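Next up, some structures in structure tokens.
One chain, subunit A, links the two complexes that follow: it is found with subunit B in the first and with subunit C in the second.
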Partner chain A sequence: MEVVERQGDYLTMSVGPQHPGSGHMRLIVTVDGDIIVKVKPDPGYVHRGAEKMCEVRTYIQNIPHLERPVIIDSCGILFAYVLAAEELIGVQPPPRAQYIRIIMAELNRIISHMYWLSIYGIFMGHSTMFMWPMGDRELFIDLAASIGGTRVTFSYFIPGGVRNDIPPGFKEKALKTFDYFVKRLKEYEKIYFNNPLVLKRTQGVGVFKREDAISLGVTGPNLRASGVASDTRKDEPYSMYDTIDFDIPTYREGDSYSRAWVRLEEMRESMKIIRQAIDKMEAGPVKQPMRGQIKGKVGEAFARTEAARGTMFYHIVSDGGKFPYRVKISVPSFRNLIAMSHLLEGNRLADMPVIYWGLDYWPVEADR
Partner chain B sequence: METFEDFLKRIIVVVFWLLLLLPFIIFPFIFIVVPALGIPLPTANQVLTALLDPLKALPLVNDLGLGPSSLFFKIAAFPGFTFAALVATGIILYERKLMAKVQVRVGPLYAGRFEGILQPIADLVKLLFKELLVPAKADKTFFFIAPSLSLALATALLAVIPLAPDIFIARSEVSLLIPFAIIGLTPLVILIAAWASSNKFAFIGGLRALHQLIAYEIPMMLSLVGVVILSGSLDLFGIVEAQRGLWFILPQLLGASIFYVTMLSELERIPFDLPEADTELVAGWLTEYSGMHFGLLQLATYVKFYALAVLFTLIFLGGWIGPAFLPPFAWLLIKLFFVITFMLLPRAFMPRVRMDQLIRLGWVWLIMLAFVNLFIALVQASIGVIL
Partner chain C sequence: MSVSLARGIFDAFFASIKSLTKRRYTLRYPEQKLDLPDGYTYDPKTQVGSPGVKGRHILYLDKCTGCSLCAIACEGIADCIDMVKVDGTWPKDKKAIMPQIDYGRCVFCGFCVDACPFDCLFMTPEYELASTDKRKLVQTPFQLGTLPEKKGLVEFIPDEKSGAHHA
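So, the complex of A and B:
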């Protein structure tokens, strides 16, 4: 329970961790009338020591628990780990496995963005925009489940390839879904993205200048919405992304509206990537067999990939044993948290959910 | 998992115990207190016959002064509170089904055999059985008063709103003004509820409700001045009768639009549900209310919804006027259905606006357009569109 008490001319209130507009985190918000004066983020409610847990588990055992922080983008958070672990273990995934990885990673990107979009809709009180993407997201979950076996946490990427081949008939099913979804995205634009009230609520709200975005270290769609065409898939191509032709949607404005458009366009690009990956895939093995105890060679490895929220970076140190010596995960969400208080101050209280969720901050990922 | 049948069984058990225990209170009351006060009572034979034959029950009720022509019946049953509450629960169900259809869902489905038709009753029973939580630092008197006060104000709106030439509670020369006098009081109740909750989110919600009043109240009144000029009457009967030739929505389309927007604002419906914006203020001024308190507040909102929908029908859509093959009341209900649908739809495709945007909308656009509308009405009256 919150008791009304005024400190000076300000009202301080605690948004979260039990608040419909917060995730597993707390924002201590000080308001002057309707204007937010100060925001103090209070993360850490869902810290589970994912990095420390890696040190007492083998390279394979690490896979299931590492994807728990972002279950809606489980392949995104796992991709970089698998790349770094492969470097230490010394295995190369076959080309077919690399394409399958691209398919899964992009499917996860769409699933994650759809989740984001539906919550973004309801945060402005647009209940139809909550229901539609949540419903259409199931189609992509079905597609991913037909490959990975479960709905969200697939544990599908393993060092040396992927767990199993894609099922027969996947291509037809996927193309059918994409054809439907392209039409559906146009309806989204009509009801939401070109809705005059949505424009009023999001345009010019939470403007993230290009210089600020770069200096605060924001990555991913938020950075691209501020006019920086930076995407790890293009800048440092990994896993066959260099053979695929796709664009990086970039907007100059840096406001909440362009952050929404970046993600909408990214879903289109993801479908384009999956179409190409399916075509380019050739028959062959999907994993390199490994026997005996898997050990990493002494040394360290880095990997950087583009997850749905931004750049996912792994640094793994190995002492030659069966467990990694140290696993450091650098997640995009924590950078968004730093940016959040920067963006919220000076805005109106009603804009808080719009800016907060517009950054796609995922508390569990930030806390790890 | 508890099925709906189990749920009903549980209710039946409760009713059983009530029936078993209440005679200890009711029978002493009937046989000791009432004779002592000298109130005439029907005999047991009459009561038992009346249970089987409604026609015989009518004179008994009339004897007690509660017959269909009595003021008590009009206020409590029809066209007063009970009818309004029934329509309000109907609106709740209709809203949920309508939203579900727009959002490609099924909506309430299991309560009742057909399309979840008993869902409002299930919700009501659920709310009745829920615990009433009161915050430790709440101002308990006002916290308990606010829900009843809110419902009382909403019901008071019905007093002067006629549903047909012969279906009304009270007549007044200025029956157009009385509802707006009552509407002006609602933010006060919201502020009482918000302040008594002793909750920051509720407090901000209450203040927002006050700001919202500033934004919509003036254009709401101004938008109806055109109708008053055209009909030459402040009486709702007079306004309806003046629409024999032409419904006011055609000459007064601008006024009707302004009234529609302000109506949504008064009802705190999306896109104007700022006082209870759930993503930033949890539930706004409703945050601390639970159980039947919450139920009463919701019921008050929807009774007000019904009252304003009827007002819109009467003022702009000719009320009960229609071809003679249907009774006037039926025409009103048909028009009311369309008005309610039209009022529910914005929730499906609109987000919430911000407070500064709402105040700008109210003060810059709506008031200006209301004056334009006033001018249009003056021109129409001078060239004689209606009369």
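So, the complex of A and C:
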């Protein structure tokens, strides 16, 4: 922490930019004693120009670098890209590929939420809650790695389908892991979610009212914690989500505690979705073969999906060449950044880590 | 209020004490190593890969024609493949150039494997590529041509009771 200026009773200081949990970003905080008066977020430390990089790379070469902004949710950020690129290239993925995509996207959602949960635990000084989800996350990484080949950045979705089929024996392995994890989530509730010490730290902290959440344009689990049942998977079903039956966990309170519960319930729903997707999947091709240089037709396409942090939106403009002319990524983290200064004002400085990480803000994704 | 407080704290303690009796599922690396499945391969006819681990590459020297399609595929991704001159005579490769991979840059996406039309560049499950010298990260075609020795023996088996166990 560095003191920026002193003005009467107020003290302005800079928190960060060294990695307050997930990536480099800075908060310029003005405090009156222990109470935060004003917060100015200062993002941009990890800007890599992913959108500009897309303009000099082919549709396939764009895939590895586009998943770098959120490596823990790499399929979440790629899903919208491949949907938009498919529209421009003019390929349709086979049904089996669409179900495999759902499996991978939901596995990534669980992996991402587990990472979030463990850091949320350590931000409150609860070391057990850091160790347990990080350990159980390995089981899901193992499942995803058996399909994707690597641990986090799979480069697995490509326009026209997915790169390979799921391995034999995946279903048994996945169901065994889910049976274990459903029981494990009850233990999480005992040690953390119903723990009186955690309740004291999170209940009523950073309350986000329904009207504010809607008018500030917050998406994803943060919006659902404020009582709005909005989920792109239900509102505008893409891929095969319309054939799958699942619920949207919603809480009315809008505080840091309900934001944690939404994510816990979402992991349960994700497992439900994967179980259904495995059952509904029929044998068949996983990719539509493409010959020669891949070129997009002249025009533009957009796609909106639900990533782990909220609504992921891609807008691709093509001039008919092998490179996209312009790729615009609208990421959920940047939308949730608006909420941060709104929520922090009026709270104590000691509650800042809880509110900051409760929003699941990922600086690298926001800066892209 | 105080009853629920005491109960909540008791439950939390009990849950953590119960986990003491559980078997751990971490490995004693490097004494124990995982038995990984085969590496990622790709069939150029059907254009579909096999589910496999994306680790160090394997180059089948006798099949390589030096077409440099792998290097072109990597250009916009990591730019880690260079075509270098190799010693000896190769009936399929008149120019005698073959890929050399810089593992300091490789992101293990496997798009070079997808680009190879001659079934000669695949991936192996070898993942221990770290080195104290960055020049050693650049692997020559002859280094890439060797199959890795099998290192891991421990198998990771998911278990609905304790998460996972090893055999």
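Just so it is clear, the second predicted complex is superposed on the first by the 357 of 368 C-alpha atoms of A that agree within 3 Å, B and C clash if a C-alpha of one lies under 4 Å from a C-alpha of the other, contacts with A are read in each partner's own complex, and residues count from 1 in each chain.
What we mean here is this: contacts are C-beta pairs under 8 Å (C-beta built on N, C-alpha and C of every residue); 3 or more make two chains touch, one makes a residue touch a chain.
Keep in mind the model is a prediction, meaning the values are calculated, not measured.
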Room on subunit A for both subunit B and subunit C (clash or fit): fit
Subunit B versus subunit C as contact partner of A:13, first or second or both or neither: first
First, second, both or neither for A:34, with subunit B first and subunit C second: first
Which of subunit B and subunit C A:124 touches, first, second, both or neither: first
Which superposed partner A:287 touches (first subunit B, second subunit C, both, neither): second
Partner chain(s) touched by A:195 [first = subunit B, second = subunit C, both, neither]: both
Which of subunit B and subunit C A:349 touches, first, second, both or neither: first
Which of subunit B and subunit C A:149 touches, first, second, both or neither: second
Subunit B or subunit C, by number of subunit A residues touched: C
Three-chain overlay, vertex subunit A: subunit B-subunit C angle, C-alpha, nearest 10 degrees: 80
Lowest inter-chain C-alpha distance for subunit C and subunit B in the superposed arrangement, angstrom: 6
Touching both subunit B and subunit C, residues of subunit A: 128, 132, 135, 191, 195, 197
Subunit B contact footprint on subunit A (complex, rising order): 1-4, 11, 13, 15, 19-21, 34, 121-129, 131-132, 135, 191, 195, 197-198, 200-201, 348-353
In the complex with subunit C, residue positions of subunit A that touch it: 56-58, 60-65, 128, 132, 135-136, 138-139, 142, 145-147, 149-150, 153, 155, 163-167, 173, 176-177, 179-180, 184, 187, 190-192, 194-197, 199, 285-287, 289-290
In the complex with subunit A, residue positions of subunit B that touch it: 99, 102-105, 135-137, 198-201, 203-204, 270-271, 273-274, 277-280, 282, 347-357
Interfacial residue positions of subunit C with respect to subunit A in the complex: 4-5, 8-9, 11-12, 14-16, 18-19, 25-26, 37, 40, 46-54, 73, 75-78, 107-111, 114, 123, 156, 158-164
